[in-house]
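Same chain, two partners: chain A is paired with chain B first, then with chain C.
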Partner chain A sequence: MEDFLQNNGFLLVTLTQQALLAISLYYPLMTGQLSVASPGFYAVGGYIAAIMGTIDFFAPWRAVLGWAIFPLEWLIAGLVSAVLAVLVGIPALRLRGIYLALATIAFVEILRVLCLNMEITGGAIGIFGVPQMFENRWSYIWVFGPLLIIMLLFTWRLEQTRVGRAFKAVREDEMAADCMGVNPTYFKVMAFVIGAVLAGVVGAMSAPFLNTWNARQGTFDASIAYLAYVLIGGSRSMWGPVMGAILLAALPEILRPLKDARLIINGLVLIIASIYLPQGIVGALQRLRIFMIRRVSSMSGGS
Partner chain B sequence: MQEDNFPCQDIMTAVDFLQNFLNGISIGSVYAIFALGYTLVFSILGIINFAHSAVFTLGAYLTYSLAVGQFGISGILAGFRIPFQLSFPISLLIGAVLSGITGVLVERCAFRPLRARDADSLMALVSSLGVALVAVNVIQYLAGSEIYSFPADVYGDIRPAIMFHVAGKVVVIRTVQVIIFAVSMVILAILVYLINFTRIGKALRAVAENTSTSSLLGINVDRFILYTFFLSGFLGGIAGSLVGTSFGIAGPYFGVTYGLKGLAVIVLGGMGSVPGTVFGGLIIGLTEAFVPSDYSAYKEAVAFAFLLIVLLVRPQGLLGQSQIHKV
Partner chain C sequence: MSIIIEVEQLSRNFGGLTAVKDVSFTVEEGEIFGLIGPNGAGKTTLFNLMTGITPVSKGTIKYKGHLLTGLPPFRIAAQGIGRTFQNIRLFKGLSALDNIKVAQHSRTVSGLISGIFGLSKCRLEEKRATEKAWKILNLVGLSDRAMELAANFSYGDQRRLEIGRALALDPNVLLLDEPAAGMNAAEKHSLTRFICEISEQFNLTLLLIEHHVPLVMNLCDRIAVLNFGELITIGSPAEVQKNPAVIEAYLGAE
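== the complex of A and B ==
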């Protein structure tokens, strides 16, 4: 067991982390909004944790709080992400479809260029030696794991409440929802903010995990990767992003023996999956289940 | 003494202005023809082809292979030398045609199967990104990740730059810039002629207006979509080659930045508008050129700032038409 964790612990934690980021992108999609802003908030959260963990200004805080500095970092990262998300979300969520996607791509890129040039973010080099929470990498499962479980429970419960039904109504038909007294802007911004806070907190947890933080952490590539997790997994259920993230993030590791060719295979998987699994993996499994039930019932009907 | 200085400074700023203007108009014209590749596909399918930046990259590598043909050390083709070299104009043309054919392949692999299944247009985003991932990594596999630059004499035996001495300052016009601008303008003129004054152009405009009506009127829609992707790939390949000769090819991922800037260009001009795209390309090129050198690190953010501001203030773009959302 110990050996297995030593060898695969990093991958295990990475998969959990990627699943959380996929959920953060799934939230705006619950209201039908295609936003790829998650890497931006993830980067901001990571910088907050890295800055609080390294600069002298926070040295007394670190001395007093000890290990408790980490939850404080998550809290501040979450709050900053929430404020930023409200500021960005209210004007941006008036846009629809691909226009919103483009606006969020621009948001991520502008943040990246800013982080690349500011002094406090360490410029192009980034921030090194972010203090560790644990002695080894796999122990980070004790922060990412519970967060994933909490998020799954939260999302599952949310979908059954008034808010969850409002999200669904806005996704299916914004205008009809508006006529029925559901304020679309309010719920779109709410979903966007929940996704942003999650991405920010995951970023704040990831800076100690990765030990270093730089402008390469929130990029267009990451936007694409998270979007692919959600769409390949299935964008109609919270299990979609989780399954998509685990499968697609594990793929390069599984294909590691292929060395340089592995990203080519990764691209082929994206093409084939988008053609043959238009509802994502979860959608395909549901169709398979319906097919099986019909078959079983027709067989019993025949006898 | 101080008063004497003023007119002189005016001339100096005018010279700087001229230099920045020339730089901006040259890079802006490439942005324009590159972004037209997005515009053509968007006007017909209403989808952004995210494989366009990969075609841009591929075009640059193809032109390099044909014109120079000397490969580096880290790819499968390490140390390989193509036994023939073509002149730059012919390499550019063949490279662009091959890029156009790649564009057609992108349509066949990533877009047509999804249309046939009537899939969500979001999935086209993923499939075209998948094609881009494959293309870029095949390039990396073959040619490695090092920087390739075109030799100075790639255009033949002409001077690399012309210098003017104006009021004691030097204005440099690089030959590359002139070539970039001239080629872009020629391509643009041909494209405008093709779209507005030929039968093919008429059919393309009809398909862009309404796919099912034009299909009912006897236009083979799938064939014209293929033409569109060929033109789009051709433009991407030309733009990639021109940028490659000017700044070098900084590895297989060098198209990504241009791909994103191209998105800013089409949004600025108005999605699907050809004159708007040209306008948008020139504006972004010029604005980047006028960013003061102290802030040059922020140059990369200019296009995205434009993108955000335009989307928030005037989402239909400068020359686009606003849409009314019906129930």
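== the complex of A and C ==
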């Protein structure tokens, strides 16, 4: 067991982390908004943790708080992400579809260029030697794992409540929702902020995990990767992004023996999935289930 | 009888086109008020202005003496003005039950956190919302298919579900945009009865856009006729039928 964790612990934690980021992208999608801003908030969260963990200004805080500095980092990363998300979300969410996607890509790029050029973020070099929470990599599962479980429970509950129904109503038909008393802007911004806070907190947890933080952490590539998680997994249920993230993040590791050919396989999986699984893996499984139920009932009806 | 809706000098331009021009009328409480006119006369635009979807260019709309113009649709809905759409706009990916529960949004208060933790107040609210949704589904005759997605319903059932959804708002005023469109004679007949029933049961004021003449003539207390965005006449069905301007609008002048 110890050996397995030593060898695969990093991958295990990465899968959990990617699943969380996929959920952060799923939130705006619950209201029908295609936003890929998550890497931006992830980067901000990571910088907050890296800065609070390294610069002299926070040295007394670190001395007094000890390990408790980490939860404080998550809290501040979450709060900053929330404020930033409200400021960005209110104007950006007036855009629809691909235009919103482009605006959020621009947001991620602006943040990246800013961080590349500011002194406090360490410029192009980034921030090194972020204090570790645990002695080994796999132990980080004790922070990412519970967060994933909490988010799954949170999302599962949300979908059965008044707010969750309002999200879905806005996704299905924004104008009809408006005419039924649901304020679409309010719920679109709310979903965007929840996704942003999650991405920010995951970033703040990831900086110690990765030990270093730089402008390569929140990029356009990451936006596309997270979007692929949701597309492959399915965007209509929270299990979609989680399954997509685990599958796609694990794929390069599984295909490692193929060396460079694995990138080709990776691309092929994306293309094949988008052609044959338009509703993602979860959508395909649901259809399979309905098909099986019909098969079974027609067989029993025939006998 | 008191005036519930007061429309004054209402206009809406789309670029150079005047879709609604200086339209004024009042609707009395409990009335069934018909709105007819040839295609493109501005009937649906008038509904969109009244529900806040399309901003008003000029003029005012008052509901129980309060100004509605300038309010966003969700605020107008919360005041008790429900509507259906000409081209049916259900939440297709939601179950029939959830479609109706969404419309109770403005009558309920549970927030994000209180809802997720299932505080007792919210659980009670959720229970009541579900009970009410079942009642409405019974009323529109769809309770045996409550968990099915709205997308899987037949055209006539979708129309009924959409009326049910609007009823879940607890409206005082209901705007029905061509409720009988695409229905066969038997369906139209049962729809007419259904509209009469709900208007009495819920003490509703109804505004009705409809092309099917017998339905309008049977149901409506008064009828307003629009042509090219202008109001030609208002009166009882018998008066409107005889009006030469109305005949001209529909059939052309001799």
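Simple rule for what comes next: the second predicted complex is superposed on the first by the 303 of 303 C-alpha atoms of A that agree within 3 Å, B and C clash if a C-alpha of one lies under 4 Å from a C-alpha of the other, contacts with A are read in each partner's own complex, and residues count from 1 in each chain.
To be clear about the criterion, a residue touches a chain if its C-beta (ideal position, glycine included) is under 8 Å from a C-beta of that chain, and two chains touch if they have at least 3 such contacts.
The structure presented is a predicted model; accordingly, all values stated were derived computationally and were not measured.
Engineer: Have a look at chain B and chain C on chain A after the superposition and call it: clash or fit.
Structural biologist: In the arrangement built by aligning on chain A, the partners chain C and chain B fit side by side.
Engineer: With the two complexes superposed on chain A, say which partner A:Ser274 touches: chain B (first), chain C (second), both, or neither.
Structural biologist: Touch status of A:Ser274: first partner only.
Engineer: Once chain A of both complexes is superposed, is A:Met175 in touch with chain B (first), chain C (second), both, or neither?
Structural biologist: Touch partners of A:Met175: chain B and chain C.
Engineer: Regarding the shared-chain residue A:Leu116, is it in contact with chain B (first), chain C (second), both, or neither?
Structural biologist: Only chain B is touched by A:Leu116; chain C is not.
Engineer: In the three-chain superposition, say which chain, chain B or chain C, touches more residues of chain A.
Structural biologist: In the superposed model, B touches more residues of chain A.
Engineer: Applying the document's definition of touch, where does A:Arg162 land relative to chain B and chain C: first, second, both, or neither?
Structural biologist: second
Engineer: A:Ala103 contacts which: chain B (first), chain C (second), both, neither?
Structural biologist: The first partner, chain B, only.
Engineer: Let me test your reading of the model: by the given contact rule, A:Pro91 touches which partner, first (chain B), second (chain C), both or neither?
Structural biologist: First partner only.
Engineer: Counting only touches as set out at the top, which of chain B and chain C does A:Glu253 meet: first, second, both, neither?
Structural biologist: neither
Engineer: With the two complexes overlaid on chain A, check the angle at chain A between chain B and chain C, Cα centres, nearest 10°.
Structural biologist: 90
Engineer: Between chain B and chain C, what minimal C-alpha to C-alpha distance in angstrom results from the superposition?
Structural biologist: Checking C-alpha atoms only, chain B sits 8 Å from chain C at its nearest point.
Engineer: In the superposed arrangement, what residues of chain A touch both chain B and chain C?
Structural biologist: Touching chain B in the first complex and chain C in the second, residues 175 of chain A appear in both lists.
Engineer: Okay, in this complex, where on chain A does chain C touch?
Structural biologist: Listed in rising order, the residues of chain A that touch chain C are 154, 157-158, 161-166, 168-169, 171-173, 175-184, 190, 236.
Engineer: So in the complex, the part of chain C that touches chain A is made up of which residues?
Structural biologist: Per the touch definition, chain C meets chain A at residues 51, 53, 72-74, 77-78, 82-83, 85, 89-94, 98, 101-103, 105-108, 110-112, 115-116, 118, 122, 125-126, 129, 165-166, 168-169.
Engineer: Would you mind writing out the residues of chain B in touch with chain A in their complex?
Structural biologist: Against chain A, the touching part of chain B is residues 47-48, 109-110, 113-114, 117, 119-120, 122-127, 129-135, 137-138, 140-141, 256, 260, 263-264, 267, 297-298, 300-301, 304-305, 307-308, 311-312, 315, 325, 327.
Engineer: In the complex of these two chains, what residues of chain A are touching chain B?
Structural biologist: Per the stated touch rule, the residues are 34, 91-92, 94-96, 98-99, 101-103, 105-107, 109-110, 113-114, 116-117, 175, 220-221, 224, 227-228, 231-232, 235, 260-261, 263-264, 266-271, 273-275, 278.
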